[in-house]
Structures are given as C-alpha cells and as structure tokens.
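The same chain A turns up in both complexes below, where it pairs with chain B and then with chain C.
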Partner chain A sequence: MRERAQRLLQIADDELVLGWRDSEWTGIAPFLEEDVALSSIAQNEIGHARALYELAARDLGTTADELAFDRAPEEYRCAPFVEVRLMAWADTIARRVLYEAADAIRLDMLKADPDPELAGLAAKMDREEVYHRLHAEMWADRLREEPRFRTAVNALWGQALGVLDAELAAVLAERMPEQLGWTPAAAVPAARDGHSDGFRELWDDMTMVRRSIPGASW
Partner chain B sequence: MIYEVFRQERKGQAFQHAGSITAPNDAFAEAYAREQYGRRQESEALWLVARTALREIHDFPDELQKSYHRVDGYSLKAKLKEARERAGTTAPADR
Partner chain C sequence: MVTGEAVWAALAAIPDPEIPVISLVDLGVVRDVSVDDERVRVEFTPTFLGCPALEVMRDAMAASIEALGGKPEIRVVVDDSWSTDRITTAGREKLREAGFAPPAPHAAEPPKLVQLRSNAFRCPYCGSSETKLENLFGPTPCRSVRYCESCRQPFEQFKTI
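And now, the complex of A and B:
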C-alpha cells in the first residue's frame, strides 16, 4: 500500500504544482478566452491532484490536505519540469504541450493497471484530459513555425522526459516528433531528484494560508 | 474572428444566444466555447457561428403606421372607453 501511495504522490505533486504554475496566468493571459481556458485547465489539474491525494491518504492514514500542504518542501516528489516559473506565453504553452503528451502516456499505463481503484481514477481523469490535449494540440499546431515556441520546446525537452520513467520516456521521445511535426533537439532526461531553485518560493506561497493557523479546520 | 455562441439548455429546447467569443479559428473557438459554456454541464448543445456568416436585417419600413399589422395588436381600450362615454354606459362588472 505504501508503494502505491508513493506512486500516487509523484503524479499528484506534478498535477498540483503544474496547476499552481498555470493558474499564475489567471487574469493576465494574452486574451480573455485563453485566460478562461487556461485557468480552467489549471483548476482541473488541481482537482486531479486532490483525487490522487485522497487515494494516497487512505493508504497512508492521513488526509488529502495534509499531503498537499503539510509536507516539507523536500518531501514533494514533483518533477523539476512542473516547478519552473515560466514568464513567457510561448514557454507556458510549450510546457503544456509536453506535459500533456507525457501525462497521456502515464495515464494510459495507469488505466491498464490491475488495481481497479487506480485504473478507475485514471479513466475519470482522462475524460477531462481529452480537452487539455485538444487545447495543447491546437496551440502546438498554431505555433509550429514560431521560433519562440521551438526554442521553448527544445529548452524544456530534457525536463519533460524526466517526468516519466526511462521506459515511458522512450515512448514520449518516439511520439513527440510526430505530434509536433518536428524533432526536438536531443536532451538528457532530467532526473526527478531534488527541486529547482524556485520551488521553495512556490511552496511558501502555496502553503502560506494553511501554515498561518496550523491545525485549523477550514 | 468573432464567433456567436448559441446554447441549448435542455434537449428539445430552442437554442438561445449565449454570448460571443474571439478565437483565431474553428478549433480554438470550439475549445473556448466548451470551457465557457459547457464546463459546468449547463448546456445540452452549442452552436458556434462565425459572425461573418450571419446575415443581419434590421430595417423594417412602417411609413403608413399600420399599427394593426404589428405583433402588439390593435388596441381597443381607448376606443371602447370613448364609445361607452358617448353612449352613457359603463364597463360591465367583473364576472
């Protein structure tokens, strides 16, 4: 059970932290419709994190909130890829495109898991992810010739590969050129160990309210 | 491009104008319409129409003031009152 919880936490932390980062665009996205769409996607990802934390919390005898907000920064298992604060729209879209591609591979694997709870939750999440992928793919298509987008994909590629284990990362490496219509520059997968410099600041913000009154019931 | 969005709340109901969205093409318009008008299960179906595809008519001449042609009908109230006064009768009591 603890092993399953560790698997769940890794994905939940990715979803929570990426949802957090993407939600930083709320109110300042390039245009209103996109503001609504990206905010809604960010909210979905945080919803997925909650569902994953709830399942993990049952295995660990704790609660989703405690897992999401009461752990020390070094206990989070998220990939550096989702932590980075990206201030340019092209970078944010590049990350969404790469993350959705990686996440689709990971979800397919979970959907086929012999554990019915895992497979069931993955299937539920996937129904929302269909729209995330639609959003990512239409942006990738629109920005295909845009140099800033290509630069961003190349810069993030190694980190994106690091979201998955070696076996699944190979699937991503095979699939991405087809989806993009071009091949990202070869990169070394970034290991999922330790956190990027900005993570501490994100953690401070994310857990600020919760820490303000420890043990309170919200 | 601007797209007009029409929303059907329940099966069988008429589509009603819900609002408009700006999107660079049909695919974006569809994604944005889903987010704005379908995410909370508030719609049974949506119609998206590029504004350029709409034909608008707004000039309806009525030079002769033929009020009896209008949908608000031919008002009898004032004419009836006048006739009653002439005849020295009052309106019948409510039944």
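And now, the complex of A and C:
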C-alpha cells in the first residue's frame, strides 16, 4: 500500500503544483477567454491532485490536506518542470502543451493498471483531461510558427521528458514531433530529484494558512 | 420508518448548487440508495473532480436525510461511473429551458476540436445550429461557452465527458 501511495504522491504533487502555477494567470491572462480557461484548467488539476491525495491518504492513514499542505518542501516529489514560475504566455503555453502530452501517456498507463481504484480514478481524470488536451492542441497549432513558443518548447523539453520514467519518456519523445508539427531540439531528460529555486517560495505561499493556523480547514 | 422511495424523492428536491434548475437526481450523480432501518447510505459520484460544489452537495443530501429521520452515510465514489450521458431526459430539458445547451451524447472517441468548432450544436434559445465555439472553458469546469450567430446570444454548453 505504501508503494501505491508513493506512486500517487508523485502524480498528485505534479498536478497540485502545476495547478498552482497555472492559477497565477487568474485575473491577468492576455485575454478574458484565456483567463477563464487557465483558471478552469488549474481548478481541474487541483481537483485531480485532491482525489489522488485522498487515495494516498487512505493508504497512509492521514488526510489529503495533510499530504498537500503539511509536508516539508523536500518531501514533495513533483518534477522541477511544473515548479518553475513562467509568467510569459509563450512559456506557459509551451509547458501546458508538453505537460498534457506527458500526462496523457501517464494516464493511459494508469488506466490499464490492475488496481481497480487507480484505474478507475485515472479514467475519470482522463475524461476531463480531454479538454485540456484540446486547449493545448489549439494553442500549439496557433503558435506553430511563433519563435517565442518554439524557443520555450526547446528550453523546457528536457524537463518535460523528466516528468515520466525512461520508458514512457521514450513514448513522449516519439509522439511530440507529430503533435507539434515540428521536432524539438534534442535534450537530456531532467531527473526528478530535488527542487528548483522557485519551489521554496511557492511552498511558502501555498502552505501559509496551514502553517499560521495548524489544522485549519476551509 | 424511512423508505428508499422517500429518500429518492428528497434527493430529487435538492438543486445542483451551481445550476439550480436541475436536481442532483436529474444530474445522475446519485448512484445508489440503500436503507437499513434508520441508517441511509447514499453512493454519490462527483461530476468533475475539481467541482467546488462537492461538499455543498454532500451536506445538502445529509441534511435532507436527517430531516426524514434517517442517519445519513454519504459515500463519495471516485471512479469512472459518471458521464454526461447519466443526465436524465427530464434534466436535459430543464437545462435547455434555462439556457444551458445539454451535452452531446458521449461517443467512443473523445471529441475533437473540429467537431466542437462545427455548427453541430444548437442554441438553447432559438434552436438554430448556426453556433460557434467561443471558449472550451466556462464559468464552471463542466461548461464551455458558445455564441449563436442567429439570435446573437452567447450561451453555455454542457461539456460532454
């Protein structure tokens, strides 16, 4: 059971932290439709994190809130890819496009898992993710010729590969050129060990209420 | 003595917190009701996992069962059992009357951009199919925004999931 919890935590942390980062566009996205879209996507990702934490919490005898907000920064297992604060639209969209492609591969694997709870939750998440993927597809198409977008994809590509283990990263590397309509520059997959510089600040913000008022619920 | 029928009727009177024209039973989120003496167990499945109305729905169900004299046990089932196909026919009609286009049937393949951008979706106000996709996302996770070129009215389209 602990092994399953560790698997769940890694994905839950990715979804929570990316949801947090995407929600930073709420109120300031380039136009209203995208303000709504990024806020909605962020809300979904955090909802997925919550469902994954709840499953892990049952295995570990704790609660979703404790897992999400009461761990020390070094205990989070999210990939550096989702942690970075990207406040240029081309960068954010590049990350969304790459993350959704990686996440789709991960969800396909989980949907086929022999554990029915894990497979069932993955299938439910996947229904919602369809719309995130359509959003990513729309933007990847719109920005195909945009140099800032291409530069951002190339810069993030190694980190994106690091979201998945080696076997699944190979699938991502094979699929991405077709989805983008061009091939990102070769990059070394970034390992999922340690955190980027921005993570500590994110953690400070994200856990502030729980640390100020231990056991707070809302 | 609480009966299953009374519980179903009570749950059918609880409006969805975000689209109050439709009830929780119309929405198809109540999967099962079982009554054992005064203990009432309800299995309930969220629509979208990020739906902020989850707790409100759970508390409203518990309160209405207590009002019947039952002891509620609400179990949230997070698996793949809910799709927009579970919204009842009556529920779809109530949505349309309130200006929300009901979801298209769920197909084996997920929807594609080209389909969503096509004019295969009818305006809930005038019935025209001259509508276009404005935004895949809307005010809640379950809705997209479309625009009717005939009556020039933006409207919300229930996503198909």
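Please note the rule applied: the second predicted complex is superposed on the first by the 215 of 218 C-alpha atoms of A that agree within 3 Å, B and C clash if a C-alpha of one lies under 4 Å from a C-alpha of the other, contacts with A are read in each partner's own complex, and residues count from 1 in each chain.
Simple rule for what comes next: contacts are C-beta pairs under 8 Å (C-beta built on N, C-alpha and C of every residue); 3 or more make two chains touch, one makes a residue touch a chain.
Since the structure is predicted, the reported quantities are computational estimates derived from the model, not experimental observations.
Enquirer: Sharing chain A, do chain B and chain C clash or fit in the superposition?
Expert: They clash.
Enquirer: Looking at A:Lys124, would you say it contacts chain B, chain C, both, or neither? Reply first, second, both or neither.
Expert: After superposition on chain A, A:Lys124 lies in contact with chain C alone.
Enquirer: Comparing chain B against chain C, which has contacts with more of the residues in chain A?
Expert: Per-residue touch count on chain A favours C.
Enquirer: On the A-aligned overlay, A:Glu33 touches which partner chain: chain B = first, chain C = second, or both, or neither?
Expert: The answer is both, since A:Glu33 touches chain B and chain C.
Enquirer: Thinking of the overlay built on chain A, is A:Met208 touched by chain B (first), by chain C (second), by both, or by neither?
Expert: Neither chain B nor chain C is touched by A:Met208.
Enquirer: Could you say whether A:His48 touches chain B, chain C, both of them, or neither, answering first, second, both or neither?
Expert: Touch partner of A:His48: chain C, not chain B.
Enquirer: Looking at A:Arg142, would you say it contacts chain B, chain C, both, or neither? Reply first, second, both or neither.
Expert: Touch status of A:Arg142: first partner only.
Enquirer: Using the superposition on chain A described above, determine whether A:Val188 touches chain B (first), chain C (second), both, or neither.
Expert: neither
Enquirer: With both structures aligned on chain A, tell me which stretch of chain C collides with chain B: 57-65, 75-83 or 93-101.
Expert: 93-101
Enquirer: Under the contact definition given at the top, report the residues of chain A touching chain B in one complex and chain C in the other.
Expert: Touching chain B in the first complex and chain C in the second, residues 33, 36-37, 40, 131, 134-135, 138 of chain A appear in both lists.
Enquirer: Which of the residues in chain A come into contact with chain B in the complex?
Expert: So the residues of chain A in touch with chain B come to 31-34, 36-37, 40, 131, 134-135, 138, 141-142.
Enquirer: In their shared complex, at which residues does chain C touch chain A?
Expert: Chain C reaches chain A through residues 48-52, 78-80, 82-83, 110-113, 116, 134-141, 145, 159, 161.
Enquirer: Would you mind writing out the residues of chain B in touch with chain A in their complex?
Expert: Residues of chain B touching chain A: 21-25, 27-28, 31-32, 34-36, 39.
Enquirer: Which residues of chain A touch chain C once you look at their complex with the stated criterion?
Expert: 33, 36-37, 39-41, 43-48, 50-51, 54-55, 116-117, 120-121, 123-125, 127-128, 130-131, 134-135, 137-138
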